[in-house]
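Look at the two complexes coming up: chain A is in both, with chain B in one and chain C in the other.
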Partner chain A sequence: MKKLGLLLVILSGALLLYATVDFPLWGDPSSPASLHVSPRYIEKTMEETSVPNIVTAVLADYRGFDTMFETTVIFGAGVVCFLLLRVLGGEEGDHYYRHLPTGVTIHVKGAKGKSLSGEFERIDMLWTPYDLVIKTACRIMIPFIQIYALYVIAHGHHSPGGGFQGGVILGASVILLAISQNLRTALRRIGEKTVGILCAIGVFIYAGTGALCLALGRNFLDYAALASVLGTDPVTARSHGILIVETGVGIAVMATMIWIYNNVSSAGRYDEGL
Partner chain B sequence: MSGIVATIIAKYNYWIYICLMMIGLYAMITKRNLIKKIVGMNIFQTAIILFYVSIGAKRGGTIPIIEHAHGGQSHAVEAVHYINPLPHVLMLTAIVVAVATLGVALALAIRIYNRYRTLEEDEILSRIRGS
Partner chain C sequence: MSHHFPALLVIAPLLSAFFISGAGWLNRRFCLPLAVASLGVAGLSALSLFWRVVQQGPVLYRLGGWDPPWGIAYAVDFLNAPVLVLICIVALLNLWASHRQVEEQFKEKTGAFYTLYVLMVTGLLGITVTGDAFNLYVLLEIASLSGYGLIAMGEDRAPLATLNYVYMGTIGACFYLLGIGYLYIVTGSLNMADIARILPGLYENKAVLTALIICLVGLWLKMAFFPLHVWLPNAYTFAPVPSAALIAPLMTKVMVYVMIRLMLTVFTPGYVFSTLGINDAVVWFAVIAIVMGAILALGQRDLKKMISYIIVAEVGYMVGGAWLGNRAGMTGAILHIINDALMTLCLFLAVAAITYRMKSYTFSSLKGLIRKMPFTMGAFILGGLSIIGVPPTCGFFSKWYLITGALQAGHYGFMAALLFSSLVNVVLFFRIIEIGFFEPFNEGHGHGEHGPEPMNEAPLSILVPLWIVALGLVVVGVYTSEIITHVLQFAIPKAIL
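The block that comes next holds the complex of A and B.
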């Protein structure tokens, strides 16, 4: 089996390598990929959408349908992870608690429905030490990570960035909280329901903007229709429409990353993460 | 011999992607552990992403953000001065979708592990036949 696989892989690799003989050289400005569609984007983006970042303009405007369904795919992935893994029902089994003033760790067997509160803090069973340095360092870093993520989303028109990148950074900041403290702390900040609803809201903002354009008498996702609502000329309206859509993408991506992490790291039980 | 070396050097970028892609394919075909298969799938995806990004490169071109300043257009925009934005757009979405599919794959692996208590393919098969 292994030898057959190796043979197949080497054969297909050799076939692909043989095909590269006809491929253009690296960085060739006259390669076929750079001759047909992209010059139109590069030369017309500024006058048609007033967005200097061509990648953002192509992503959210020229290829708006593609991006909308990519967002839907991400939403679908989040929902599938939830449906596959989520186990509903009470928490059973053993719990570990730390008595905060003394630092004593206690082990509660069969803590069904009971929970200690007050001076006790529940801790994960796999990692019991009290890690002050990690918690403090992450507490300082997370707000800056989130501000940077918002900057990446909002400044996507003028610098590398946009909804996907900013959304992933935002999601990573919450995941960092869940890793540095524990999953329950992160869930108190942004709960399971909130995440699911945000995920759907992001996709809804995107599709709703498209439907609004349709209602205002232009094509689906033709942001020039928003000019009368926003009170600007059609070209600036495209730029604003792209920002609205990117915000939707950012919300959906952030929520999906957190949702997938919560489900996969705790195997759907939402009690103890990594 | 020098002829072969010259061909490899002229198109070394394609050689790198094809090697990466074949590593991923080999892992997906022959490895019996499901996590290793998933890792192979991700290596495969990375190879495709690198391939697309390299297609967009242009010698002497800068990033696809049009040079601008407050006060309007100073000069005409020419396609030769900016790298191809299209592959970047396609791969931007592909990276996030790759993460999402990785999440789904891991979720499936967790379910399989919960049911059969193993991630090895042959053991799973024997347990399906046995029970």
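The block that comes next holds the complex of A and C.
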């Protein structure tokens, strides 16, 4: 079986190499890929969409329909993780608490429903040391990470960036909070329901913008239709439309990152977990 | 508004997926009505598109208002219009039949289940309607991903079976993407019609040949063409019945549609059949698929696995028919996409009814079932007759075209395989009738004779859709010639004789 596998791999590799014989030369300016559709993107993007970054314009406008579904894939991944991993109901078992003034750790059996006074702090079963340095450093870093994420989303028009990258950074900031403190702290800031709904809202902003264009009489995702709503000319409306959908992408990606992290790290129990 | 139907077809279920997901958190009662409404809108759009295609010819829709090949275009023609209608009907009927089980089985997660259900239908509709080769891949991802989620929620072994499916399915999708990448390198375009326009000058190009081979292998993996079928039986058997009854009729059939779409409108029949001359080899692969699928089906001891292997054999029918390279074979293959989807749905809904009452789908639980659940078993037998190919059910007609095609092409091996598989199907279904009719129901109380087992049918919410499909098999069969003269014959290019 192993030899058969090796043989198949070698054959497929040989097939792929065989195809390269008739490839255009590396970096050839007269290759079909750079002659057929690309010239219009390169020459007309600014004029047609008023977006300086061609990649953004192709991604979110010319082929914006693909990107909408790519965002939906992310949304779907979040839903699948929830469906498969989440264990609903029953937070049974033992809990550990740390007495803050003394640093003594106590073990409470069958702790469901019991809460201890403010001097105690719930800690994970896998022993986590009290670490002032990590907590403080992360607390200082997180707001800056988030501001940077917003910059990346908003600046996608001019430089590399956009909704996907910005959303990942935003999501990472919340995950950093969960790692530096614990999952429960992060969940208090942004709960499961909020994340689930944000995830749907994010993609809905994208698809809803498209549907709005349709309702305003143009084709689906034809942002020029937004001109009357935004009070601009159709070309600028395209640029604004891209910003709107990028924001949606950012929200969806952020929420999905957090959602998947919560489900995977706590094995669906939303109780403990790094 | 009618101008926007191609977009509405896909957006209505897509938007509803977000609402259902939200409703799953806020108020679960709204999930099902939202799903039904959105699939209804999609179904109406599909029907009216179908009607417009029949009346006025193909429809083109430019998404984002950009002309192809710069933007993405949806193209509805005679080939995909019937498939679109089929997808909507299967999804709606299955939703009707399975909503009770979904709510019992998934409880708090009902919202997530319906979200994925609707997303899966969105993906399948998008794959079918799109005229853009890369857009097809993106939607393939959506359909596959939601499919994995739906399957993995099944019995104990479902996660492992799904993992297998994820590996194989991802490789298949990657191969398709790689093939499209190769086509892009040599043509510079992603739009199907545009690629087809550029390709004739490149028939000698080795990259085009490689692209075709890679795309085909990827699609064969996704459609479970023997010997690339290994993921299918376990995935469909251990999946929850509501998911299996959606995925089994549609996923493989839509992949067959994609293969035919690539053959007819991207690579064009001239290249696929004349320049390459690989059709004979592919048909022989199909022969092996049919024979092996039939033999493996014989060895199974439970209903779902048996049907899964029948699907493997049926995929062989369609691939073989499409690659015969003549009109009759291609007509048979396209017709069989529709027929096989309906037959599979019929069988799986019957299995759903049986599992609902008996909590099991092994052969031993079928004892005495014809007296206990006569309506369910009646529909099951009707589905079985269609799979065997008894007139006037639709299975007979597609098989008739396939055999005609085989005779015209002089491919007697394929004809023999079709007849062999029909004979095996006779054995398979009569064995079930025998168990269901002659063997006594074995859950007696152990004291004395009870007389005939009392009737204990499945609820009407399963029986009604089941019988709609079962009668649909006959209706489609009776109207086969209309379907072919008004729709399918225009789907096949004149180059194919």
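Here is the rule we use: the second predicted complex is superposed on the first by the 271 of 274 C-alpha atoms of A that agree within 3 Å, B and C clash if a C-alpha of one lies under 4 Å from a C-alpha of the other, contacts with A are read in each partner's own complex, and residues count from 1 in each chain.
Please note the rule applied: contacts are C-beta pairs under 8 Å (C-beta built on N, C-alpha and C of every residue); 3 or more make two chains touch, one makes a residue touch a chain.
Please read all numbers here as calculations on a predicted model, not as lab measurements.
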Task: Fit or clash between chain C and chain B when superposed on chain A - done: fit
TODO: Pick one for A:27: touches chain B only (first), chain C only (second), both, or neither.
DONE: first
Task: Touched partner set for A:66, first chain B, second chain C, both or neither - done: both
TODO: Report for A:222: first if it touches chain B alone, second if chain C alone, otherwise both or neither.
DONE: second
- [ ] Identify the partner contact of A:5: answer first if only chain B is touched, second if only chain C is, both if each is, neither if none is.
- [x] first
- [ ] Based on the superposed arrangement, let me know which partner A:160 touches: chain B (first), chain C (second), both, or neither?
- [x] first
TODO: Applying the touch criterion given at the start, work out whether A:80 contacts chain B, chain C, both or neither, answering first, second, both or neither.
DONE: both
- [ ] Would you sort A:43 into first (chain B), second (chain C), both or neither based on which partner it touches?
- [x] first
- [ ] Quick one: classify A:18 as touching chain B (first), chain C (second), both or neither.
- [x] second
Task: Where chain B and chain C come nearest after superposition, their Cα distance in Å - done: 5
Task: Footprint overlap on chain A, comparing chain B with chain C - done: 16, 20-21, 23, 31, 33-34, 37-38, 41, 63, 66, 70, 73, 77, 80, 84
Open item on the list: Which stretch or stretches of chain B touch chain A in the complex?
Closed with: 7, 10-15, 18-19, 21-22, 25-26, 29-30, 54-61, 63-68, 73, 77-80, 82, 84-89, 92-93, 95-97, 99-101, 103-104, 106-108, 110-111, 114
TODO: Flag every residue of chain A that touches chain C in the complex, lowest number first.
DONE: 15-16, 18-24, 31-38, 40-41, 61-66, 69-70, 72-73, 75-77, 79-80, 82-84, 86, 88-89, 193, 196-197, 199-201, 203-204, 207-208, 210-211, 214, 218-224
TODO: Within their complex, state which residues of chain C touch chain A.
DONE: 4, 7-8, 11, 14-15, 17-19, 21-22, 24-26, 61-66, 69-72, 107-109, 112-113, 115-116, 119, 122, 126, 134-135, 138-139, 141-142, 145-146, 148-149, 152-153, 159, 182, 184-190, 198, 205-207, 209-211, 213-214
Task: Residue ranges of chain A touching chain B (in the complex, touch as defined) - done: 1-2, 5-6, 8-10, 12-13, 16-17, 20-21, 23, 25-29, 31, 33-34, 37-39, 41-43, 45-46, 52-55, 58-59, 63, 66-67, 70, 73-74, 77-78, 80-81, 84-85, 158-160, 162, 164-165, 168, 253, 256-257, 260, 263-264, 267-268
